[in-house]
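Sharing a structure with you now.
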């Protein structure tokens, strides 16, 4: 699968809220993971999906998550979140994320999520991503 | 029902975490509601109950919540949370809460929660608090 | 001062994020206070102000906050936050807030904030709200 | 510097709070980063330090953070957080973290933090970790 076959990245604009800052006057580092997830869920909606539909059969728990922080974010600052599907395996999705303010790189992150059955046995085990979800997150011509 | 019949209040000690502070250098006011709820759940555990057991039939959504703020909390400060059942009606529980640091009053709060069926019809409707929960949150001699 | 002299309320649209939900499948009640504050800060920006400018002399800590919850919010649900200045005293501002989804009332809240000097003596003491802030949050003809 | 010269890891016990869970019924993945930071600050206190003292000259912003998730955490579950200084460079500290429940591994994480002057020029630049902080986070015999 070529990178260029993957869906266009999701862009979203965000303004730093006061409750996202900490006593150092900066956005607390844990918030970047929430910004990344917010963009993931927006990407799913753009693809006509909900990652956690009320009666959905599948869930997508996080397998790993990371961020590299390049510059700080402060109260009321505006920034962009760019997220894309970097790769799709049978049972997992890997996203990469860039937070930026114009040309300034703020942070780069990655999350890997696995597909599981929401009411499946414990401990949770990864299962194949359903075809309709796979197709929507990846253009059909990438299948060949 | 006399106040003195209600269970002894729950006391818990807490230290301000960095992620609880905001850019003003103080604990963000939304956290006080979480401290209050944390004490509520500790009170239930003391009473041998879980407010959200995995297969529990009942849930206790919040009907109202309020706080009056008297002094600020800062990073790493230690404080106490005192919570008590202020009154029990057929379908609701009202708690009062005091946050203090020794003799210094930090904040006083109130929450009212209603009993609902977790898998009941929408919109949620308050139902009677089950007798075993009522008994545990209130000593038997308060029944008479 | 007549209610009608106060600035038009701020309206903002919000979509429930996954990190705002809890294990009951609903938005955690502490989040409503954050939505209310988010609307307050948007109202200040509409009035050409920042409630926490980098070198600002004044801060606006919360004196009290409350919410009455009427119906639940779930993941990805959209709702509106309406906030208005309900009254301005010499040293405090009182806001009222309505969360709604079309005609459905979700919650109603109140916050009172006091004006303090950010680098003033401890404990913090309320001071008069500076004239330029007061004027911007309240039209000039309300002064008479 | 040998690993064994580094201070004993910090252990802390934690119980999952309701506000840490999400609509999937699990602790939201962003919380693991807060648990890790909470343990870092406890390690500093054990070493007689505060990572953000009121008039402290230095700050320790995060350079990178990551977690691998092995099993889920649910409401009221108890778990342990083990954190250790994995390595100290001139300007940065790298910690590794394990969350476990008895023998069950829940998650493993890493954070790298850099030392900066809190009231230094923008953008922030890493500076040498002061000797007294370095000494306390690392036993004297590791210096040789």
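The first chain written gets the first letter, and so on, giving A, B, C and D; residue counts start at 1 in each chain.
Here, contacts are C-beta pairs under 8 Å (C-beta built on N, C-alpha and C of every residue); 3 or more make two chains touch, one makes a residue touch a chain.
On a predicted model such as this, the values are computed, not experimentally measured, just so you know.
Hopping across touching chains, the smallest step count from chain A to chain C is 1. Ranking all chains by how far their C-alpha centres lie from the centre of chain C, first place goes to D.
Counted by C-beta pairs in contact, the busier of B-D and B-C is B-C. With centres set at the average Cα position, the gap from chain C to chain D is 34 Å. A separation of 30 Å divides the Cα centre of chain B from that of chain D. Centre to centre, using the average C-alpha position, chain B and chain C are separated by 24 Å. For chain C, residues touching at least two other chains, in rising order: 18-19, 23, 26, 30, 34, 37, 52, 74-75. Contacts from chain C toward chain A in the complex involve residues 17-19, 34, 37-38, 41, 45, 50-52, 54, 74-76. Of all the residues in chain B, the ones that touch chain C in their complex are 23-24, 26, 29-31, 33-34, 37, 52, 59, 61-69, 71-72, 118, 123-124. Residues of chain B that touch chain A in their complex: 18-19, 21-23, 25-26, 28, 30, 74-75.
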